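Quick one: the structure is below, questions incoming.
Chains here go by letter, A, B, C and D, matching the order in which they are written, and residues are numbered from 1 within each.
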Amino acid sequence: MISLQNDYSEGAHPQILKRLAEINLEQNPGYCTDSYCASAAEKIKQACACPEADIFFLVGGTQTNQVVIDTMLAPYEGVVAACTGHVSMHEAGAIEFTGHKVLELPHHEGKIEAAELQELVSRFWQDGNHEHMVFPGMVYISHPTEYGTLYSKRELEAIARVCHEHKMPLYMDGARLAYGLTAPGTDVTLADIARFCDVFYIGGTKCGAFFGEAVVFTRHNMPAHFLTRVKQHGALLAKGHMLGIQFDTLFTDNLYCEIGAHAIRLAQLLQNGLRTAGLPLYINSPTNQQFVELSDAVIKRLDERGVVYSFWEKTAPDKTVIRFVTSWATKEETVRELIKILKEVL
Amino acid sequence: MISLQNDYSEGAHPQILKRLAEINLEQNPGYCTDSYCASAAEKIKQACACPEADIFFLVGGTQTNQVVIDTMLAPYEGVVAACTGHVSMHEAGAIEFTGHKVLELPHHEGKIEAAELQELVSRFWQDGNHEHMVFPGMVYISHPTEYGTLYSKRELEAIARVCHEHKMPLYMDGARLAYGLTAPGTDVTLADIARFCDVFYIGGTKCGAFFGEAVVFTRHNMPAHFLTRVKQHGALLAKGHMLGIQFDTLFTDNLYCEIGAHAIRLAQLLQNGLRTAGLPLYINSPTNQQFVELSDAVIKRLDERGVVYSFWEKTAPDKTVIRFVTSWATKEETVRELIKILKEVL
Amino acid sequence: MISLQNDYSEGAHPQILKRLAEINLEQNPGYCTDSYCASAAEKIKQACACPEADIFFLVGGTQTNQVVIDTMLAPYEGVVAACTGHVSMHEAGAIEFTGHKVLELPHHEGKIEAAELQELVSRFWQDGNHEHMVFPGMVYISHPTEYGTLYSKRELEAIARVCHEHKMPLYMDGARLAYGLTAPGTDVTLADIARFCDVFYIGGTKCGAFFGEAVVFTRHNMPAHFLTRVKQHGALLAKGHMLGIQFDTLFTDNLYCEIGAHAIRLAQLLQNGLRTAGLPLYINSPTNQQFVELSDAVIKRLDERGVVYSFWEKTAPDKTVIRFVTSWATKEETVRELIKILKEVL
Amino acid sequence: MISLQNDYSEGAHPQILKRLAEINLEQNPGYCTDSYCASAAEKIKQACACPEADIFFLVGGTQTNQVVIDTMLAPYEGVVAACTGHVSMHEAGAIEFTGHKVLELPHHEGKIEAAELQELVSRFWQDGNHEHMVFPGMVYISHPTEYGTLYSKRELEAIARVCHEHKMPLYMDGARLAYGLTAPGTDVTLADIARFCDVFYIGGTKCGAFFGEAVVFTRHNMPAHFLTRVKQHGALLAKGHMLGIQFDTLFTDNLYCEIGAHAIRLAQLLQNGLRTAGLPLYINSPTNQQFVELSDAVIKRLDERGVVYSFWEKTAPDKTVIRFVTSWATKEETVRELIKILKEVL
């Protein structure tokens, strides 16, 4: 069996496992008030060049989106997002569960455009009936997007400008941020993100941790009584030190970027393999998710060879886009073997 | 001043006022348990040719949409609606407030199409990740739509077929139903609506009542403990007999359709006037809302002449669509005067 | 039949009906933006001696409690109330529906005590785990209470002092305020209420209006975008001018207090009759609700004589407390007849 | 420093850490669809002698209470609980956040009584206005309770009888269940719990796991589309196999009970030490939480000696109840040292 199904199939990077084992018998205070959380927060602030950041650690991605969006929005506000955004499509209505509408924009390979955002907001404020409508109160982007694509610094800046002009916090879902930071050709750094965004999260679950997401409020703007609200959402981890030690490890000796770089190198290897095999990329993704459109006959042969991937979408009655994902745990030989099989089944 | 701004500017049809005055000193039990509610429900069942209907009376349209949709959906379900639907656009997020997503379809002059509904539902069930998505649990349509348009019987039947095949209740927002039932060329009767829809409401507020909407559950399918849930939503009227007497009056001696027919006759008069004046209709609406696109210069002159209308939308930097609405209270002379002014300001 | 079952069995005071009829054909803008709402608000401000008040009109009591409490509380806060408070007991969980806990205090004939409120708040802040608890964010009282009792000015002042010391808005449910303002022996005026409370509502539904409650925010503290939030709760009345004209009438020529005084006079007459008949009052209520404990045998005879009352509670296997309520619509002869029957059935 | 502050200060039992490390590089499908979850579920069913159980794994206790209660209740229902219950007091309103009221009963050392439950339910159904009230829809108990106490089999049976007579599911919060199952004198087994309760959870976080709670629905009564609802609550763990491996380990070779027995032995040692020292137990707790009332002067000396405990409550101006907690990680020498210090500081 060869699986590149996703980046959260394995446990955690060995270094994280090692440190978790080392402190296993230590006693720590609960609910993220321990010294590992404090140390991790300090390291993240430095990595973001953002001394005024407030940082909190949560367990999972949907949970983080739900808690951040619900606590940052006023009750009469909704969050603007691409129609393909994780919050729009794949969170089982977790945002609406907390009473907020997702105001959808068209997507461009998973990204939103500043001009379309501007238009949505202008139309809202110009509408004589806007008091009967949901106020656009925040903007959600993912980076990398659900399609593996990345914003350029110029694009981010343009979106941030619209946001700040209209006093809407800009929120970045960084579930796969490690792969965005280390992608070839990106000009967006962690410090840029901290500068442009009012809040974002650094993904752990899909980037080498057992679990965990580090929420960074970049303007000392963590909502009041945030711990209480996290608890109220059922999202407060008792043994918060498990989150602390994981992020402390990820942000020691550049491990977070090393993890990203490893996955990117193998994703590039795969991309080249696909190209060599004459398989056109469905989307030009510079990150760890690679999409390819295949005939259903070819896919059937892949299945028979024990290749595991993610179904992405049907594009024609006999064609399907599938996704391969690399991670810290992916081995070079696995990718080479996959390319070989792909060539054989074509 | 000449105002055709909307159909809820005045109080109530004189016949309703008269009966309300007649029973003013009577004592009635509260919360819609009185004899007028019972009598109104009986008359509505007959008008719908639907003896198995359960009927409840609420105060306003957004409230009704919120209560019906929230109580008919399972917690993990959302409601499918046109992106221009009242629940999508103009209810300040009242549906999301109760935890449910509005799953938007494109609109065709305010209407949804059965084929696009079928596609949305098929895509959902075919998606390998649909357990991480909001289930399409109900379909919302308005009739007349927000653009004044109407479904044909064939269109309704096609939508109902998709709904029932996928066990999604079909819900019709009939805020302006009187004008739909009496529009020229419509082949949809109240009995058809009761047959195709699992639940719908007969609008009172915009059709001659002081306020009030009659919710009709057509298959003995009123949600369990509905009164309690209405109360929980803050939507239960203490003096429910006020709702009963109004709907009893509307469904006595065909008053509801008389009210519709009067408004339709004047809307047709206005439409002809617009056509004669060479003004192209923005939408071909057979009901009591008429839309016309004018240059901003012309609109300014209308303003100066004291004409009151609703702003609808900007279509170009110097062009705007405005809306005129007739009702039971509109006078023929007012419409004639408006046509005269329109011709003068062109 | 003789019914003193409640104060919302009839329609509206004739003066209200008259004015509603007079303006029936007038055109008014929607959603409480009309001149009658403005005029009513002005008169209420004067009656409250509170020029800095913000005023909004809603339809019903539970709706008003839900909207006011939800919009005034932070999401992590709950509302403190007597365990017998309407919001605690008889609103089908409308407060919890919006995500907030009701923090219950013991009741003393329906009232809370400042000392017990102080203790609840102190215990909260002293608790080392209070970040894991619901913050007391607001205090709810009713005046008259559900037992017909009234706070004295001194009691109100003491509660207000605790509230303001801990930055908790004090909210008074005045569903039956007319009867509180005109009760014998009360030293609490409308101006006192405006001075002590941060928000309260002047009840219309139970005090002579067809429906309607006037919410008074006494410190220019109406929550931001209140109209939008009212809409989001499904609580915005399209024909808001119906609320305006009713409250304008109630606050013209002292009608609101006249209505109260009439009901109080008859309640006192009834109370004296009960005393004369040797029937001990269950609670010493100075307002329009009178409670009496009777044996079930006596109650059965009342039923046979066609007397209609409210069941209140069982106090023993064969004893029950019942409630009689007077209103603007109660006639003196009805009360005298009731007293006569009571004496006969004993 | 000597800390017996709580049972979730350390990481996980070494056996759990070991197995987590062993499978670290394995690939597993997400969201609890892996083989470890399946195996753990099978072992739990056997331990409960409940082949018809449905089992799901969640991360934390408040989360579990929120998800279970919200998904098992109808929207118009509330959950009955002791006023000292975790859901009533220490979950920041997580139950109300999902729209449900906690209907509080008095507590008896943390427990509820069947007779008082029966009375609450009877009063509800006898109330003529119960349609305006929150329906009692479920009963929450904790075992051990927040005070360390346990229900007897007879008590459980009596509560279950009331529940089932009124069709209210009985739900047990077993956050510390390991210590309940192994307490001296208890006659309640896991099979009894599965028999009496409709749903309960087996606590991992406080019983030797890194985190995790196993929810057991005992009558094939897991709510429809439970995974989707868990996701909607933000509570679905991506790497569900981490939950699976932990519970699989806890239910292999009787580890769960071994962990409980170890903590109980040391709690008994501590209890004897306290008794020997002449310190009266505040509550007679047979489980791993021990409560003692001390003068503030003594407590100050404990602080100076580096003893860490939990503050419980003030009982007098100069007296405080504190709590000591043992766990799988507690060492006998630590308890002996604590007893020695206690004797010295008295």
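Keep in mind that, in the parts below, a contact is a pair of C-beta atoms (placed from the backbone, for glycine too) under 8 Å apart; a residue touches a chain by one contact, two chains touch by 3 or more.
Chain labels with UniProt names: A, B, C, D = L-threonine aldolase.
What you are looking at is a predicted structure, and each value in this text was computed from that prediction instead of being measured.
K.L.:
To lay subunit A over its twin subunit B by CA atoms, how big a turn is needed, in degrees to the nearest 5?
P.N.:
So the angle, rounded to a multiple of 5, is 180 degrees.
K.L.:
Out of B-D and A-D, which chain pair has the most contact pairs?
P.N.:
Top pair by contacting C-beta pairs is A-D.
K.L.:
Greatest Cα-centroid separation from subunit B: which chain?
P.N.:
Relative to subunit B, the chain whose C-alpha centre sits farthest away is D.
K.L.:
Taking each chain's centre as the mean position of its Cα atoms, how many Å separate subunit A from subunit B?
P.N.:
Roughly 42 Å, centre to centre.
K.L.:
Counting in whole Å, what is the centre-to-centre distance of subunit B and subunit D, each centre being its mean C-alpha position?
P.N.:
Roughly 51 Å separates the two chain centres.
K.L.:
What is the distance in Å between the mean C-alpha positions of subunit A and subunit D?
P.N.:
About 34 Å, centre to centre.
K.L.:
What are the residues of subunit A that contact at least two other chains?
P.N.:
In subunit A, 76, 91-93, 97, 99, 131-133, 228-229, 231-232 touch at least two other chains.
K.L.:
Would you pull the subunit B residues touching subunit C in the complex into a rising list?
P.N.:
The contact residues of subunit B facing subunit C are 3, 5-6, 8-12, 14, 17, 20-21, 23-30, 59-63, 65-67, 91-94, 97, 205-206, 210-211, 228-229, 231-239, 242, 329.
K.L.:
In their complex, what parts of subunit A are in touch with subunit B?
P.N.:
Against subunit B, the touching part of subunit A is residues 76, 78, 89-93, 96-102, 104, 126, 128-129, 131-134, 311, 314.
K.L.:
Show me the residue ranges of subunit A that touch subunit C in the complex, using the header's touch definition.
P.N.:
Interface residues on the subunit A side: 70-71, 74-76, 99, 131-133, 135, 224-225, 227-229, 231-232.
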